[in-house]
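Note sheet for the following structure.
Chain IDs A, B, C, D, E and F follow the sequence of writing; residue 1 opens each chain.
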Amino acid sequence: MRENGVRRAWAEGRGVINGWLGIANSYSAEVIANEAFDSVTVDMQHGMVDFQAAVTMLQAISTTPATPLARVPWNDPAAIMKTLDAGAYGIVCPMINNRAECEKFVGACRYAPVGYRSFGPARGIMYGGADYAKHANDTVIPFAMIETAEALDNLDAIMSVDGLDAIYIGPNDLAISLGCPPPAEPVEPVVIEAVATILAAAQRNGVVAGIHCPSGASARDKIEKGFLFTTIANDARLLAAGAKTEIAAARGG
Amino acid sequence: MRENGVRRAWAEGRGVINGWLGIANSYSAEVIANEAFDSVTVDMQHGMVDFQAAVTMLQAISTTPATPLARVPWNDPAAIMKTLDAGAYGIVCPMINNRAECEKFVGACRYAPVGYRSFGPARGIMYGGADYAKHANDTVIPFAMIETAEALDNLDAIMSVDGLDAIYIGPNDLAISLGCPPPAEPVEPVVIEAVATILAAAQRNGVVAGIHCPSGASARDKIEKGFLFTTIANDARLLAAGAKTEIAAARGG
Amino acid sequence: MRENGVRRAWAEGRGVINGWLGIANSYSAEVIANEAFDSVTVDMQHGMVDFQAAVTMLQAISTTPATPLARVPWNDPAAIMKTLDAGAYGIVCPMINNRAECEKFVGACRYAPVGYRSFGPARGIMYGGADYAKHANDTVIPFAMIETAEALDNLDAIMSVDGLDAIYIGPNDLAISLGCPPPAEPVEPVVIEAVATILAAAQRNGVVAGIHCPSGASARDKIEKGFLFTTIANDARLLAAGAKTEIAAARGG
Amino acid sequence: MRENGVRRAWAEGRGVINGWLGIANSYSAEVIANEAFDSVTVDMQHGMVDFQAAVTMLQAISTTPATPLARVPWNDPAAIMKTLDAGAYGIVCPMINNRAECEKFVGACRYAPVGYRSFGPARGIMYGGADYAKHANDTVIPFAMIETAEALDNLDAIMSVDGLDAIYIGPNDLAISLGCPPPAEPVEPVVIEAVATILAAAQRNGVVAGIHCPSGASARDKIEKGFLFTTIANDARLLAAGAKTEIAAARGG
Amino acid sequence: MRENGVRRAWAEGRGVINGWLGIANSYSAEVIANEAFDSVTVDMQHGMVDFQAAVTMLQAISTTPATPLARVPWNDPAAIMKTLDAGAYGIVCPMINNRAECEKFVGACRYAPVGYRSFGPARGIMYGGADYAKHANDTVIPFAMIETAEALDNLDAIMSVDGLDAIYIGPNDLAISLGCPPPAEPVEPVVIEAVATILAAAQRNGVVAGIHCPSGASARDKIEKGFLFTTIANDARLLAAGAKTEIAAARGG
Amino acid sequence: MRENGVRRAWAEGRGVINGWLGIANSYSAEVIANEAFDSVTVDMQHGMVDFQAAVTMLQAISTTPATPLARVPWNDPAAIMKTLDAGAYGIVCPMINNRAECEKFVGACRYAPVGYRSFGPARGIMYGGADYAKHANDTVIPFAMIETAEALDNLDAIMSVDGLDAIYIGPNDLAISLGCPPPAEPVEPVVIEAVATILAAAQRNGVVAGIHCPSGASARDKIEKGFLFTTIANDARLLAAGAKTEIAAARGG
């Protein structure tokens, strides 16, 4: 089975730089995947992206060395399994608040006897290889999002779930859940502290810590702090920011 | 009929800053159209965009004050008329090389007796208003692309075609046609001179001059030179450039 | 944040006339939204419409003053949140049968601490404005559908859920649930009485009452009875009815 | 090969009532095709419909007894042949102005030696039957649109082209071409007279006359005048008209 | 209401040969449906197919005598009801492990008082007929998939659920759940035995037994064993196998 | 620039085995491209495939070593250039009947000064590499279809056009043009002779000869005769044939 590049990076101790796709289009996905991201995630939660478009976007990523990942809209076996069948090599699942939710999530990513994923990796077998059934459980990465006050109360219970490889912090939701406004980069002490607490718990539990970042500089900072998976904004934000900058240059001033 | 914002800008002597869409998606179109562009053009020639997606992109632009324009793949009445019916307020037509081609193009943008556009502005009438039939000929803007050596030999013949409002320079094709490589910003003297020649011819013929630019700084420079319509790169380039910059920041160096 | 026109109408005591979209197409959505509806709802339950098309339909509605709403297929946080992120200003949720279901539904429409909606209003922020995060909880309208015998037994428990703004009667399901055939306009006394009971409960609980109607005349009747939100049939029915009438005229007789 | 219902109606002297689709959706197409139209035409010229959607719409029509037809955007062999391959049983071609254009059009609808249609009826053979190649030339109907002053000067030259089965009047373009505004129902004497002239020429040349009508009443009138093919408005117009009427009823007056 | 061909076959004691669609395209669906399958199933679980495409595929099947069925991604009322509204005449539901899950599934397929399906058969009524509401409960077929060790422990509890018409074995998942690799054709004694046990339980409970087969020969074998519903591979597998065979022939050897 | 695998095969004297796609879907395209074809062609002429789907199909092919090619609907610069921009490495153009048509076709595939292709290889540059502009003229392959009696009269005039790399025989159209029925495999002596004549002319003019074949066996036969490019049927035919065979096996006999 084709190796999971994200796992390889982690094995080498490298922090992964991840791209993020909210535009439902395979061409923009290919544009992003052709930049030097280690992995690219199709966001089916807050992205304006549904399954049918996601398939073509995973294909577009598959034309490059970047590892194809996806975020599902919710902790729903249907979405998780179908997205894996489409060839995603990892699933980011929002709002994992306790151990039971984490077990439900991880189980959906694994074939029996470890989990309860249903077999039928239509595109996965083309991307992964003919021995997909044998190695998928060890290749696919579940990322449990830690982004609520409830999850903060259950960090070890969540992170000790067997088969969970990584957690992923959503700073916006974490901030809101802690009573703060949602800036992309945490500024409130309570949020910054929560991020550190989550990171420490991840390291304590032998789970990779990931986090969504608003910029490359932020990603670098997080990697230096010990995160091994960092996302830089998303396609729509890069587009808007680029346009804003160039228009300003055009209008002078 | 709803006023054409590009015409208003020209009447006020303002240089138009135009966005350019090569990604076939209405959400990315809306992201771009929400920045401060005066107009946004759906590129059906070199963009990875076909008519069905273009309709939704024109709708997305129509949620904002930006004026919706489109580039058609070729000087083909079918594409020109159908795109106008979909609510485009201007058509950029590639490779207009002589007077006959320009007449064919402009005629496709105008109802009889001025031209031969067929009537049926399905979405145009919703965007433009109930009096679309009466005012469309004076509202819609044809942009003839000047981008070949042959066109350089026919500048006055092309630009004096009745009803032609604007020309648009494609620097890449112009460079190739003059035997130079295709940089987005002309650097070869022969190309720079050709651009100046075209601009002068446009001004001489009372036609607005437009040009494709690789950046906001370039657009500003062109406006200062007398161009009244400047496009800044396109969505895919902004996306790639933004990703490249942020990845570099993330990886440090 | 852009005001919710439906809330404004209610504040002014006006009964809202709502359009309903079951055809997955942004052009037909724009045709409907250009008529004088106060709001237009994308029906993702019984409509032949999925999320990807719904995004373009919400955009089409956004080219007009009509308020964009959506019905989700089921009381599912994934669908509710994703549709809100796409810019819907209200969510109609089917089959709310008891207080727990209503709390689950309303919570999915509200950010913490009121609810548990996840943050990432990709299109919502473009339609609503930069201060979306601050005002969304007070702007977005949850409509709980009351359409079963079980719900009839739990009216006050449902309608007293904090944050519930409106209920919406589905006369077909209500009739079936009460053992009657499903006509669009209630005719069986038991159904008519149930509708009156629900309306009275809504008024008692300070919740707006809405109802699906087969025609404009029916909508008018319901508004006169005290409903402040009435839907007229849907696009497919209007289309079929219009065709039937015109064909009959053509065939004479 | 499956019989062409339109030809059968003509053989029986019945005036065909035709539906018209400008909404790019297979469900709305099926809704229309389930009404009592004899045939339904996918409008790829002024409709907001491109080929990919047209295929699904032709399939939707094929679930009913209505005969599937299509209007192409222009007199272009690529569009004509591809649409026939998709299973259309007749092609309406806009703006046929002279004999050469008519020959080009009819030839694109016929296999050699009669015409130059390329062979590969992918969906046509499923809809028509295994003997498609043998009977297609006698089954498929070309409709040449007569809608310009130039065409009026060439009626016999156009209508005597071998293999032309029918002409189709576009009243809007005809009116514009004659210097009048484009009402859906001709009111100017010069246009009314032109329509009569075209009808007479069609009857003289043994060609069926068809015409676009704004309503069922108009269609009936035209059939009584001798037209054997009449279209009633289109889906978008029926939708808008239905909504307008019902909203008026809802708002009272 | 249009008769369900699968029920008719069963009434006649005939084993149904079912086609299976994992390619999200209405043309390939029509190609398959034009072969001599009794029924064709749109696979929204492991197929690369989402609802919007499924609608067009059900339409494509509806151009033929084959009965349209669908597999939903999970035991989710939203997906089940929406797919029935789109005209499916039967629903295959994965991973039914116990009586409660089966009751939830069957209830979603039936209107009250038998179940809790919500009313709004948009396309169903066009395919089925105007009396859809009256007969749908007796026409639509729920197929509960039996494919886990847990289900094996609950065969009678599952199969005795009122209204369950059929069960469907997924040999791959069954094998995995029993600790074996997932071959399309069971070879391990434990799996072969489990299949026989399920078949016997189905016959004991008066429920039709169906099974997924890798080939026509396997389907024949299963019918001879007493199965009355057999699927042959799927579109993607047929495509790959056909290509492989022909390429081998081309390359010789 | 990425090498063109088809050119490499030809340089090595190997006959290319080509797949053919008429189903507008990126997943079925990927299924085909994962078999051992040397190249895979997206058929936009007789395939039910338009540009927007073709982009995703070219991406799907690009996940494999197979070379991506496309057939355009007609000798139309718009379609040719746009498809090349989407990353096709060769264009098959139907119905090249004389030298002028061939020059028009080849010119559309080449940048100036050799041809008149417009510059903007949006996806081409991602697939081909950053030096696309420099090498595209030598990489992209134009295939002129020879399939009419007129072309038979102009073989040397067509094949001696500078820059034409290959011709491609369409046996169906060739047969029809010669007054024979269109079998996929020529059986009439006049057609067989014409094929031989075309092959000889190609070899005489130093142009590669290609041909469409109904099966792998036929492809092998043609390669043995001297053809260096052979297509095996298409996806839809493989699908139908596979289903037919398996159904027959299931039904026994």
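The definition used in the following text is that contacts are C-beta pairs under 8 Å (C-beta built on N, C-alpha and C of every residue); 3 or more make two chains touch, one makes a residue touch a chain.
As the structure is a computational prediction, the values presented were derived from the model and not from experiment.
Student: Going by the touch criterion stated earlier, list every chain that contacts chain A and also contacts chain D.
Tutor: Both-contact set = B, C, E, F.
Student: Report the chain whose CA-based centre is farthest from the CA-based centre of chain F.
Tutor: So the chain farthest away from chain F turns out to be C.
Student: A-E or D-E: which has the larger count of contacting C-beta pairs?
Tutor: A-E
Student: With touch defined as above, tell me whether chain D and chain F contact each other through largely the same residue numbers, more than half shared, or through different ones.
Tutor: Since fewer than half of the residue numbers are used by both chains, the interface counts as different.
Student: Can you give the whole-Å distance between the Cα centres of chain A and chain F?
Tutor: 41
Student: Starting from the mean Cα coordinates of chain B and chain D, work out the distance between those two points in Å.
Tutor: Spacing between the chain centres: roughly 34 Å.
Student: Show the residues in chain A shared as contacts by 2 or more other chains, in ascending order.
Tutor: Expected reply: 22, 24, 27, 31, 34, 48, 50, 52, 55, 76, 79, 122-123, 236.
Student: Which of line, ring, star, complete and other names the graph you get from chains that touch?
Tutor: Per interface graph, the chains form some other shape.
Student: Among the chains present, which pairs are found to touch?
Tutor: All touching pairs, sorted by chain label, are A-B, A-C, A-E, A-F, B-C, B-D, B-F, C-D, C-E, D-E, D-F, E-F.
Student: Would you pull the chain C residues touching chain A in the complex into a rising list?
Tutor: Interface residues on the chain C side: 50-52, 55, 76-79, 81-82, 85-86, 111-113, 116, 118-123, 133-134.
Student: Quick check on the complex: what are the chain D residues that touch chain B?
Tutor: On the chain D side, the touching residues are 22, 24, 45-50, 52-53, 73-74, 76, 79, 94-95, 147-149, 170, 172-173, 176-177, 179, 181-182, 236.
Student: Using the touch rule from the top, collect the residues of chain D that touch chain E in their complex.
Tutor: 26-27, 30-31, 34, 55-56, 59-60, 62-63, 122-123, 126-127
Student: Would you tell me which residues of chain E are touching chain F in their complex?
Tutor: 17, 19, 22-25, 27-28, 31-32, 34-37, 48, 215-217, 219-220, 223, 230, 232-233, 235-236, 238-252
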